[in-house]
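I'd like to ask some things about the structure below.
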Amino acid sequence: MRISARNQIKGKILEVKKGATTSHVRVEIAPGQVVTASITNEAVDDLGLKTGGAATVVIKASDVMIAVD
Amino acid sequence: MRISARNQIKGKILEVKKGATTSHVRVEIAPGQVVTASITNEAVDDLGLKTGGAATVVIKASDVMIAVD
Amino acid sequence: MRISARNQIKGKILEVKKGATTSHVRVEIAPGQVVTASITNEAVDDLGLKTGGAATVVIKASDVMIAVD
Amino acid sequence: MRISARNQIKGKILEVKKGATTSHVRVEIAPGQVVTASITNEAVDDLGLKTGGAATVVIKASDVMIAVD
Amino acid sequence: MRISARNQIKGKILEVKKGATTSHVRVEIAPGQVVTASITNEAVDDLGLKTGGAATVVIKASDVMIAVD
Amino acid sequence: MRISARNQIKGKILEVKKGATTSHVRVEIAPGQVVTASITNEAVDDLGLKTGGAATVVIKASDVMIAVD
């Protein structure tokens, strides 16, 4: 499957923290650079996400903002 | 200003492509790793974004998805 | 590739309308039921989207709202 | 009230699963086709959502992605 | 129609600026306080939005961030 | 830091309600006008958000919808 989302960055799962319905998954995409995803518990189970596993973070371009100092 | 968005990654602007109302800004966050943002033309003008400038990409955790092979 | 987004519905592309930087793609997911996606022109080109082609609409659960009469 | 969101699909609520602050609501929009929404518990209470009730899923076009095989 | 989105603020349309596929609509929600929406041209036409008209801005809670100085 | 998000409205925090992983923060932006944000618990802790504090709600234009009666 290929998807329209412009941003797809490979990394490694550092942590999966489950809540009541929502999980936070932290993925290291480069040394010391971590992206946090907030996804459903069902998705975590469905994809079998766990610490140390390979994963790709996927982000639609319209969800990215730009900041400057 | 500090913002709640969990993902804030510094980089360098590679390209600013303006459309009729919407611009696409491409930011290199690591060698060969580029993030595309779709933002308003007004934001591009307001922040003075241009190729070569420093910029931080900002993404809310609830807008990040995870994919696996 | 499998993705965390909970909503993935197969359909057929009815129309691809390109703008200056943003395209609107309309996908029929059931007889008479059409979903519109606003994505970048680059994604349209990259995936080779065109009228009549098969496509899956993908939507993160946190982007879905519920309405009642 | 009429809203700008391009995607509004009528269905029937299959399940309402409440978490600590966030609920997951599953709506069947066609036989065997289910859309999951992640919304606040307050919205569930405010709209009186419950299994078996009629509901419309509402999705902004800019939140829809397209995938191909 | 009532919708799950927690944020619904009434105002008056100050400007509708159409692009190739995407419009920017600016709504004054309080004296001097303006909210900008980026929506499809089709939505603008469908709802008959024009300068001076009454309109409600609608925002899902999961799309709101918080910043502090 | 200045950010591309078009909508930045100053207000005062009325309530911070923490869930298992997700918090709801309610900010009064004008007398009687309240905006609800759904953000991570980590963001609440990181920014030190608490009732009575000053805060700015930040919303990307592409996440704003328009409704009419």
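Each chain carries a letter (A, B, C, D, E and F) given by its place in the written order, and its residues are counted from 1.
Going forward, a contact is a pair of C-beta atoms (placed from the backbone, for glycine too) under 8 Å apart; a residue touches a chain by one contact, two chains touch by 3 or more.
None of these values were measured; they are calculated from a predicted model.
S.K.: I need the common contact partners of chain C and chain D, sorted by label.
M.R.: Common contact partners of chain C and chain D, which must touch each of the two, are A, E.
S.K.: Over half of the contact pairs shared by residue number: find the pair among B-C, B-F or C-D that meets that against D-E.
M.R.: Residue-number overlap above half with D-E among B-C, B-F or C-D: B-F.
S.K.: Between copies chain A and chain C, are the contact residues mostly the same numbers or mostly different, with half as the line?
M.R.: Same, since most residue numbers here occur in both copies.
S.K.: Roughly how far is chain D from chain F, going centre to centre by Cα mean, in whole Å?
M.R.: 23
S.K.: Could you put a whole-Å number on the gap between the CA centroids of chain C and chain F?
M.R.: Centre-to-centre distance between chain C and chain F: 29 Å.
S.K.: In chain B, which residues are in touch with two or more of the other chains?
M.R.: Within chain B, residues 1-6, 19-22, 24, 36-40, 42-43, 47, 56, 58, 60-63, 65-69 contact more than one other chain.
S.K.: How do the chains pair up in terms of touching? List each pair.
M.R.: Chain-chain contacts present: A-B, A-C, A-D, A-F, B-C, B-E, B-F, C-D, C-E, D-E, D-F, E-F.
S.K.: With touch defined as at the start, can you tell me which chain D residues reach chain F in the complex?
M.R.: Result: residues 1-5, 19-22, 40, 42, 60, 62 of chain D touch chain F.
S.K.: Taking the touch rule as given, give the residues of chain A at its contact with chain F in the complex, in rising order.
M.R.: 17-24, 36, 38, 62-63, 65-69
S.K.: What part of chain D is in contact with chain C in the complex they form?
M.R.: 3, 5-9, 24-25, 27, 29-30, 33, 35-39, 43, 47-49, 53-69
S.K.: In the complex formed with chain A, which residues of chain C make contact?
M.R.: 1-6, 37-40, 42-44, 46-47, 56, 58, 60-62
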